[in-house]
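The following pair of complexes shares a single chain, subunit A, combined with subunit B in the former and subunit C in the latter.
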Partner chain A sequence: MKKSRDDYLTIFFISIIGIYILIALAFPMYAILSKSVENKDGIFIGFENYQSYFSNPALVYSIYNSLFISIITMVITISLAFVFAYALTKSCMIGKSVFRSIAMIPILVPSLLSGISLIYLFGKQGIFRDLMMGYDIYGPIGIIIAEVFYTFPHALLIIITALSIGDARLYEAAKVLRSKSIRTFFTVTLPSAKYGVISAAFVVFTLVITDFGIPKVIGGQFNVLAVDVYKQVIGQQNFEMGAVVSVVLIFPALLAFVVDRIVQRKQVAILTSRSVVHEPNKSKKFDLIMLIYCSVISVFILTIIGMCLYASLVTFWPYNLSLSLDNYQFDLMDGGGWDSYYNSIRMACYTAFFGTIVVFTGAYFVEKSRSVKTGRSILHLLSMMPMAIPGLVLGLAYIFFFNHPDNPLNFIYGTMAILVICTITHFYTVSHLTALTSLKQIDNEFEHVSSSLKQPFYKTFFRVTVPISLPAIFEIGIYFFVNAMTTVSAVVFLYSSKTNLASVAVLNMDDAGDIAPAAAMGMMIFYTNAAVRIIYVLITKKILVRFQKWRTKTV
Partner chain B sequence: MKKITTIISFISVFFLNLVNANAGSLTVYTAIEAEDLKRYAATFNEDHPDIEINWVRDSTGIVTAKLLAEKNNPQADIIWGLAGTSLMLMKGEGMFEPYSPKGIDKLDPKFRDGDEPASWTGIDAWVAAVCVNTVEMAKHGFSMPSSWEDLTKPEYAGHVAMPNPNSSGTGFLDVSSWLQIFGEDGGWDFMDRLHNNISHYTHSGSKPCKQAASGEVPIGVSFAFRGARSKAKGAPIEIIVPSEGVGWEMEANAILKGTDNLEDAKTLADWAISKKAMEMYNVAYAVVGMPGVAKPVEHFPPALLGAMIKNDFEFAATNRKAILAEWQSRYDSKSEPKS
Partner chain C sequence: MEQYLSVKNINKYFGDFQALKNVSFDVKEGEFVCILGPSGCGKTTLLRVIAGLESQSEGLINQNNKDISLLPPDQRDFGIVFQSYALFPNLSVKNNISFGLKTRKKNKETIDKRVDELLELVGLSDHINKFSAQLSGGEQQRVALARALAPSPGLLLLDEPLSALDAKVRQHLRLEIKNLQRQLGVTTIMVTHDQEEALTMADRIILMNNGVIEQEGSPQDLYSKPETAFSANFIGTTNLFKAKRISENSLEINGSILECNENIKDDLLTITIRPEDIKICETGSEKNILKGTIKELEFLGSNIRGHIEVDFKSEKTNVICNFASEYILNNNIQNNSSVSISLQPHALKVVKA
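Here is the complex of A and B:
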C-alpha cells in the first residue's frame, strides 16, 4: 500500500515525540547506569561500586529504613483514605464537596512543608510537644505522619474511583437476599474496590520510598535511600555512589510500577456497559459517624496547613510571637530570594504549556492514528516509562547526560530549558493517561469520516479533537503547573544561579535553619496553586460550558 | 525544505541567545552567608558598574561538590568565598587558572597560595564557636559549658546539635580541629563521647546556631559570626569560646580554568583583595586576609581571636576524604542501635 501524506506526517510526529522521550529519559537513564559501574575517572570497574555500597552498613541500613516507613505509611494512608472515600461515595453525609476539597490540599504544597509544620506542632518548641510523651518527632514518627499527609489525596482519588464503580445491581441483590450491611461490605464493596485499593497502595509506596523532602526535613538521623542519594551527591561529591544508590532505589519503584500496571489492566473488566451506578441510602447513625470521621481528618489537614501559615507570620518563634511579614523577606535569606518564586511561576507556565502540547499530541497519535502500528505501540511504551523513574534519579541522570562535554545538547545545562524538560518528563505518564482516557471517549468515526472526505488528519485534530478534549487539556495543564510548582526531587540537582526555584528554596532555607521563611515560601506556593486551581474551576464552569454544550443536549 | 531549514536556524539562534553568557557578567560560586551577597555585589559595582555578578550560593560541601561535578564543563567563572581546604583540593585537580591578583603581597602569607602565580587568595576567616540558648539551659537546669570537653557531659545527652562535616564546611573544620587539638586518637575518642549527646547532625553549619536561637536545641556547635548575627536579632543566646581552642577556616577566591570571561574575572579577583573589600568583609568577619585592617565586630566574643588554633590546612586538605569516610562510618546513622 502506498503511504499517503498523512502517513508520512504521522510518522514524522511520532518520531519527534519518540526521540524527545529517548533524549529526555532513555539516554539519561543509560548514563546513570553506566556511571554506577565506573570509577571517578570514568573507567569501567564492573560492580566494585556496588560491592563497596553493600559493605557499608550505614548505607544498607537505609534500605530497611526506607522499606519500613514506606510500608507503615502505606498501611495507614490506605486505611484512612479508604474510610474517607467510603464516606464520600457510600454515605449521605453533608458537606461532601467541602471534605473532598480539603482532602486535596496536600497536592498543592511541596511535600516537605508538612515536615516543617510538624516541627512547629511537635518539635522541641512545638505547640503540642507534650503530646509526644517524650518521643522525638525527628525520625520515623515524624516522617510517617508527614508522608501520610502527603500521600493521602493520591490514595483517596484512586480509591474514590474504585468505589464509585461498584455495581448497584449487586447491592440490590444483596438487599433482596437480606444480607447484613457488614456482609455486603465484605462480599460486594470490597471485592469491587480491590484493584483500586491495591493500585493506591503501590502508588503510596512509590511516593514514600522516592520522596526525599520529608525525611530530609524531619528525618533527623533516620537515613533513607532517597536522602542517601542526595547526601552522596551533594554532600560528598561522590557521584558514582549516588548513581549506585539511585539504581538501588529504582528497583522497588519499578516493581511497584509493574504490579500496578498488571492490576490496572484487570480493573477495566469490572466495569461493564450494563453496570448501574450505586446510589447510597440514608442512614442517620452511619452518616453521622462518617461525618465525624471526615471532620477529624479534615481538621488534621487544616491544622498542618494552618500551622505553617501561622509560623510564617510569627516574628521570632518561640520568643517573639508578634505577627509580621519579616519571614517573607526572602531576599535576605539563604535560598534564592523572591527571584526563585518568579522563576517557579515561569517554569510552571512553560511546563504546563509545552508539556500539554507534547503529551496531548503524543497521546493523540497513540490513540487515533490508523497507520504505523509499531510506531504507536513503541510510543505508548515510552510514554509509560517515566512513571517508574523517581524524580531524584531522573535529575541525577540529567547531570550525567547533559553536562557531559561531548553532548551537543550540553548548552541547555544550567538553563530554564533543562528544568522544563526534566519536569515534563517526570510527570509525563499521568498526563499521558489522562489524555488517553479523554481521547478514548471520542468516537473514531470522526477520523473515518474526515479521511473519507479527503481531509488531512490535522484538520480533524484542530476542529474536532481539541475542542472536544478541552476539559482534559486544561486538566493536564493544571496538573503540570501544580507539580512544577511543588517538585523538589527532580530539579534539586539541576537548578542554577539564574533558575533557582521556590520549592528548592524551601529546602535550602530549611537546611540553613531559616525554617520560618521556609514555611513562608511553602505558603506562597500553596497560595499560587490554590489560586490557579480556583481560576481553573471558574473557567471550566463558565467558559467551557460553551464548548461543551453539545454534551448535555438530549439526543 | 528551505522553509524548515530557516525555521530550525531561527529556533537555534533563539535558544543560543537564551543560554549564552553575555560579556560583562560573571557567574560567581560562593558559600558566603546569603544576607551579605547583595552588599558585596553592590560595593563591587560602585567601582565596576559594568560587571554584573550572578551568585550561586550554597553550603560549602555543596558548592565544592558542584564545582567538582562540573570539572569537565565548568559553569562558574570565579569562586569568591569558599573554604580554603576545598580550594586546595581543587587546585590539586588542576581546576584553576593561576593568577596573582594585584596587591597579593599585602596579604598575610597564610591567606595565599604559596605558588607563583598563585591559584587562590584568602579573604577572611570564620571561626568555630558554640551557641548556647540561655532560656532553654535554665529550663533544663543545665550549667553553662566552657570547653569542648564539657559538651560530652552526660547531662547534655540529646541536647547538642552539630553540622555534618560531609556537607558543611563548619562541620569539617570542627572535626579537623578536634583531631589537631586532641590528637588523632584523642579526637575520635572525644567525638565518640560527643556523639552520645548529639540530638542530630545538620546539613549546614549555620543551622545548629539558628536552632539554638529558636530553642529547638539548647546547644548548637556552629560558628561565631552566625552566633553574633542571631544575638543581634534578639535571640537569647551566649556565644561560648571553648577553652581548648577553636578551629577556623579561611574563605578564599580562585578563577576557574576555561572561563570565557577571564578579563572580568581578573578584575574581580583584584578587587576582592583590595583594602576596600577587606573593610567590607570586616563588617561581619573579625578576621580578614589583610593584616591591620580588622576592627572589632559587634557581639563577637573578644576571646575568640586568641583561641584560634594554629590550623594545619595541609593536614585538613590532604586527609579530607579519609576523615570524612571515617566520620561517616562512625556516626552517620543514628538510627542504628547505639552501642
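Here is the complex of A and C:
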C-alpha cells in the first residue's frame, strides 16, 4: 500500500524515539560491556578482568551476600504485603484508604533514608538499641529491615491489582457450592493472584539486588554487588572492574525481568472484560484481625519515617535533644547545600515534563499507529529494556559512553541534561506500560474513523487521545517526578559540582558523618514528594473533573 | 445505474491462513449491499480491505473509475460506522459530527449549518451539546452515522452497526438507516452476521462463508433460490436431504420416490425444502405424500413449528414444518398426533452440497 503523509510522520516519530532509546540505553550498555573486556589503556584483553574478579574471594562473596539479602527480603516483603493487600481488597475493615496511603510513604523517600532511620532507632546511640540484644544493626539485619520498608509499597501495588481482579462470579459459584472460606482462598483467590505474587516477588528481588543506598548506609562490613560497583568506581577509580561487577549485576536483574514478562503475559489472560468486581462481605472477627495487622505494619512505617523527622529536628543527637532547624542549614555542610535541593526540583520537573512527552508519544505510536509494524515492535522492545538495567549500571554506562572524548555528545557530560536523560531512561519502562495500559482502553477505531474523515492522526491525538488520557499522563508525570527526587543509583556517577542533587547529598552527608543533616535532606525530599502527590490528588479531584465532565452520565 | 465500486480477485492471507479467497463483486451507484456471513467468514476483513484499513495480499479495487487498491484510507472516499460507535467521548455531539469538516477550509457558519442539517436527518437536534456518555446506544450510533455522512462521502461502510444494540432499538434503527440511505442515495456496504438485518435492509446480499462468496443476489432470490446447502441453511430455516436421481424429474430420499419440478442431472443430490412449503394433507390429492408423527410443537406466536418424524420408506427422519398457529389449534393437533404431509414438487430445490 502507498504511504500516506500520516505514515511518513509515524515513521519519522518512531525513528526519533527509537534513536533516543538507542543513544540513551543501547549504546551506553554496549560501552560498558566492551569496557569490561578492556584493560586500563583501552586494549581488548578478553575475559582477563572477569578472571581477576572471580579470583578475588572478597568480591565473589558479594554475589552470595547480594543473593542472600535479596531472597530473604523477597520472602518477608511478599508475605507482609500479601496479607496487607488481602486486607485492603477482601476485608471490610475501616480506614482502608488511610492504610493504603501510609503504605505508599516509602515510595516518596530515597531508599537510604530508611537505613538512616534504623541507625537512629537501633544504632549504637539508638533509642531502641537494647532491643537488638547484642546484634549489630550495621549488616544484614539492618539491610533487610530497611529493604523491606523500601520494597513494601512496590510489592503491595502489584498484589493489590492481582487480588482485585478476582472475578466475583467465581466467588459466588464457590459460595453456592458451599465451599469453606479456606477452600475458596486456595481454589479461587490464590490461583487468580498467583501471577501477581510471582511478579511482585521478582520486582522486589530486582529492587533489592540493584539497590546500593541502603547497604551503603547501614551495611557496615557486609559487602554486596551494588556497593562493590560504587566502591570500585568512586573509591578505587577502577572503572574496568566496576564494569565487570556491573555485568555480573545485570544477570540476576535480567533473569528477574524475563520471568516477570512471561508471568505478566499470563496474568492478562485471566482478566476478561466480563469479569465482575468482587465485593467483600463483612466479618467481624476477620475484619478486626486485619485491622490490627494493618495497624502494626503502619506503625512500623510511620516509626521509620517519624524517626527521621525527629532526628532531623533534634539539635545534636543524643546530647542535646532540644528541637531546632539547625540540621536544615545545608549551606553550612558539605554535600551541595540548598542548591542540591533546588537542582533536584529542577531535575525532577524536567524529567517529568520531557519524560512524559517522550514516553506517552512513544507508547501512542506503539499502540495506535496502523502502519510500520516492525518499527513499532522494535520500539516496544526498546521501551521494555530499561527495566532490566540497574540504575547504577546505567549511570556507569553513561560515563563510558558520554564521557568518551570521541563522542559528539560529550558536551552534555556533567550537565543537567545527562541527569534528566539518565533518569528518564531509568524509569522509562514502568511509565511506558502505564501509558500502554491507558491507551489500550481507548477504542482502536478512533484512528480509523479519523482517517476516513481525512483528518491527520495528530489532530485525533491532540483533540481526543491526549484529553482522554490525561489521568494517565499526570500519573506518569508524578511517577517521573517522585522517582527523579529519590533516585540515587542512576545519578550518583553523573552529577557534577554544579548539578549536585538532594538524594546524592543525603548519601554524601551520611558518608561524611553528618547523619542528622542527611536525614533532614531526606525529609525535604519527602515533604516535596508528599506535597506534589497531594496537589496531584487535588488536581484530579477538582480541576480534572471540570475538564472531564464528559465522563459523567448526567448533563 | 453504473458500477460504482468493483472488487476484483481479492486474496488476503494472515500468515498461513487465507481469510479471503478470490473475492470479486460489483456495487452499483446508490445500491445498499449487505455482506452477510457467520463469524470468521471474512466479511469484516473484506470491509476493512475496501476501507484500506487492511491491505489485500492480491487483487484490485476500483471506486468511481479510479484504482484505489493501494491507497491509504485517508486518500479513499468513504465514511465508516463501527459496531462500537467509536464516538470521541470527550467531544460533544456537535464536535464529533464536525470533526471531519474542519480542515476543509469551510467557514464556521457552513460547518454549523451542515451539523444542524445532519442532526435533523438523524433526529437528534436536541442533543447537539451532549457527550456520548449521556446518550443511549441507539442515539450514539445515529451520531456516528451523522459523523460518517458529514463530509458527504461517496461510499458508506457499516461494520455491524446494530449488533451492540437492544432488539427493539435494532429493529427501529435498521428501518431508519435504510430510509436515510434511500433518501441520500449514498452507495452503502454493510457487514452483518444477522440474516434478518440483511434481508430487511439490503438491495442485494453477498453471502460469504470461509472466505469465499457463496451466493449473491436480492434478498428474495437468496431465500427462495438458494444455490448451496450453506445458503439454504444460513438464511432462514430449512430441511436438507441427501437424494439419488431416479429420472429427470423424480428422485429418491431414504427409499421414498418423490416428484420434483427441477431438471435433475447429477446422480447424487442435496435437496432442500423450506418448513413453510411443507403442507399437511387434507384431501389426499397432493403429490409426494408421506406419513409422520408430531414429536414436538414450538409455539412462535403466529406460527407453530412442528418437528415431525417422517416415515420414509427405508428410515424415519426428522423434518421441520411451519404451520399457522390457528390451524394447529383448530384441528387439535398435538404431540404424537399422526399426520400426512406433502413435500410439494415445486418446493424441492436442488442445491450444491
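In this section, the second predicted complex is superposed on the first by the 553 of 555 C-alpha atoms of A that agree within 3 Å, B and C clash if a C-alpha of one lies under 4 Å from a C-alpha of the other, contacts with A are read in each partner's own complex, and residues count from 1 in each chain.
Assume contacts are C-beta pairs under 8 Å (C-beta built on N, C-alpha and C of every residue); 3 or more make two chains touch, one makes a residue touch a chain.
Here the structure is a predicted model, which means the values were calculated and not measured.
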- Applying the touch criterion given at the start, work out whether A:F44 contacts subunit B, subunit C, both or neither, answering first, second, both or neither. neither
- Message: If you tally the residues of subunit A touched by each partner, is the higher count for subunit B or for subunit C?
- Response: B
- Message: With both complexes overlaid on chain A, does A:Q455 touch subunit B (first), subunit C (second), both or neither?
- Response: second
- Message: With both complexes overlaid on chain A, does A:E445 touch subunit B (first), subunit C (second), both or neither?
- Response: second
- Message: Under the stated touch criterion, which partner chain does A:N56 make contact with: subunit B (first), subunit C (second), both, or neither?
- Response: first
- Message: Touch test for A:D6: subunit B only (first), subunit C only (second), both, or neither?
- Response: second
- Message: Just checking: does A:K231 make contact with subunit B only, subunit C only, both, or neither of them? Give me first, second, both or neither.
- Response: first
- Indicate the residue numbers of subunit A shared between its subunit B interface and its subunit C interface, in ascending order. none
- Query: In their complex, what parts of subunit A are in touch with subunit C?
  - Reply: 1-7, 370-371, 443, 445-446, 448-456, 459, 463-464, 467-468, 548-555
- Note on the structure: subunit C contacts subunit A in the complex at 51-53, 55, 70-76, 78-80, 82, 84, 86, 88-92, 99-100, 102-104, 130-134, 147-148, 150-151, 153, 157
- Of subunit B, residues touching subunit A in the complex: 15-16, 18-19, 27, 33-35, 38, 54-59, 61-62, 64-65, 68-70, 72-73, 75, 135, 164, 166-167, 199-204, 206-211, 214-217, 233-236, 324, 328-329, 332-336
- Note on the structure: Per the touch rule above, subunit A residues touching subunit B in the complex are 56-58, 61-62, 65, 119, 123-125, 138-139, 216, 220-223, 231, 233-237, 239, 316-320, 331-335, 399, 403-405, 410-417, 496-498, 508, 511-515
